[in-house]
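Each remark here refers to the structure printed beneath this line.
Going by the order they are written in, the chains are A, B, C and D; count residues from 1 in each one.
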């Protein structure tokens, strides 16, 4: 009897500890470009995701880490993935890249060919999966907010978005279709057909509202079963 | 009786004049790029327009003249308009240019800035109108036939088309909205989302079917009251 | 005696005419882009040319007029030459354009093809000469001041300069070879191989020293017999 | 005893021969783009190197392996270096890449930014050196053979060549300065300032003479002490 009591006592004492141990938060890395680099700022999308999780009482369940560098394209992610992602042992990685791969064709002549975009993307997916990391894909949001399909690089951006959708199907991965989400939101909220100022400050980088919108969509992707 | 004879005499004298006047066909010049240059070929759109007019018994009412040169952009038209258009005293001029203004941004780095496109376009309209020529505007058809809005330059081409629509409204000119016409036709006839082969051979230049489709749309524009 | 009187009478009559003729300054228009637009500023090259002429006691002999507009390429000059040049009845016109024709290939995808550059250039020369205007050609200076031939667009700029040299030979026109002048000056004065800061503020637009250097070269061209 | 001495004598004589034979040939991989892909063809530069080595009686001392893929840029080499280079355990690797990194800026809008060119280049050098492989760097040859410095991308190509020279100094690596070699050869052998036809067929890819010239320069680099 004494032994039983003793065991029970131990159980009562260790249970919380076990619970705490089970409560080890899911480590999530956002792997991307300048939008993600800004995402860890005060009102950045990653910071806003943390706030939302907190407000829903889920703050302890997730550890959100930004790994964004301005100007990055798909091959830049590949080059630094060991150091900036794998070394941190994440459970989940959002890959959110593609805007510069398209945009820089026009601004610097240094975008990424579609076939190589896919090749590097698949190399990244493969390495992440080889490390048992859940991979979540994101389509590139916008380069210009006009809603009449006349943003200069809309066609090309749609093409890269379609390649990412194909990758998500092929590899059976969760997709956050930001391109679609942004376009739908703008169709409803940009009656003046402005090229910036609703979700972005400069056609690409996000306003606080843009970061909030992105935070919600990313969270949907994270919590999707 | 004398009066009747007098009237008859006048009739006999004036009839031939009237006939001659009626017989003088409306002179129409198609002012454009390689698509229009090819338009005077055996199955080109201008040749097909002539055939259609003939088949409707209107062959004598219109004289159709091609004035297209490969690679031309809006400013090339401006440079050669005295010689190739005004010198020929046309009654009607179709201005069909813009594809190279967009396309060559990607292929040669030598497209045309939007504001300058409009500036040269208006200079052409002004000169034609100063010569009492009816001006008909055409939006640029396609650079790529894909129907999911993912042809690389769709966005920019849509923008140039919208500027031409604005010009037609501003100057109260007949518009042949080829961009819209082609996109609607392709939406209905390109289920496989091919980038060429329906109306074009190479994403831009027209197949025989493409020339036929264009001929019909141009004729609608010509006969529009 | 009669002859003498006659001669005197002629002298009295023609003197004022001669005086007027001597007094009327040579009207010189500088036709170009943003460099020329800035040329009429306080320390701009045209203002500095005026000062130099003044200091040499030749201030009354020349009227220097700037006709530069930022972003202009060869075809922009053609479009506005009636209004901005011919309407002002100049005696001499400096054509100084070409930097944007090359530069904008990289920055906007809207440079000018070499063959069209020559075509518009010759159309301008022809119109100026038809109006008995002396034409002076200038090669484009620099896009980047590095002296080891590694400014990104050096090759293309050299090509456009060579086309202008060809035009000056073909049409027997005075040439101010700014490209050559600037490169020689930089070879001697830019030991650190800097891409800006010697004659330009931003690889293209001129410092005060750059404006002074340009003023001297332009003046040499103007006074060349 | 005599037999033993005899055997010993033979051993002493043959040992060096055996040693020479045991001198497993130096395995050399040429890591590059389409020029290297063509290099293994009948008259390709790698094939011609083999012939030259053979003719000098050094055919057994080197094993030359081509690892070139058309369209490759620096980051494409990085992506496939494990499989195509490291897996083959080479003793020496020539890295000959950069033409597409510059060229595709103009043709596809998909060149490589200078800073990223260096970053990927150093990542490749580091991995090769970590595997005890001797690394030989090559500057990019030509895009256009004109000798008056007016090939469109001369300036940019010179810049990338200079970055590679810097890398060879910084990492103390053998350099084959093809850019310099080609320019000197053309200066002496292209009096007509042709843009192709001396060492290249199309401004980039090599003629048989071009392959021969390249073979000699690469061999110099390989045999350099």
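Keep this in mind: a residue touches a chain if its C-beta (ideal position, glycine included) is under 8 Å from a C-beta of that chain, and two chains touch if they have at least 3 such contacts.
The structure presented is a predicted model; accordingly, all values stated were derived computationally and were not measured.
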Angle of rotation relating chain A to chain C [CA atoms, steps of 5 degrees]: 180
Copies chain B and chain A - interface residue numbers shared by over half, same or different: same
Centre-to-centre distance between chain C and chain A (centres being mean Cα positions), rounded to whole Å: 54
Centre-of-Cα separation between chain D and chain C, whole angstrom: 48
Centre-of-Cα separation between chain D and chain A, whole angstrom: 41
Per-residue multi-chain contacts in chain D, two or more chains: 105-106, 109
Complex interface listing, chain D residues touching chain C: 105-106, 144, 148-159, 162
Residue ranges of chain B touching chain C (in the complex, touch as defined): 75-76, 78-79, 104-106, 108-113, 116, 119-120, 123
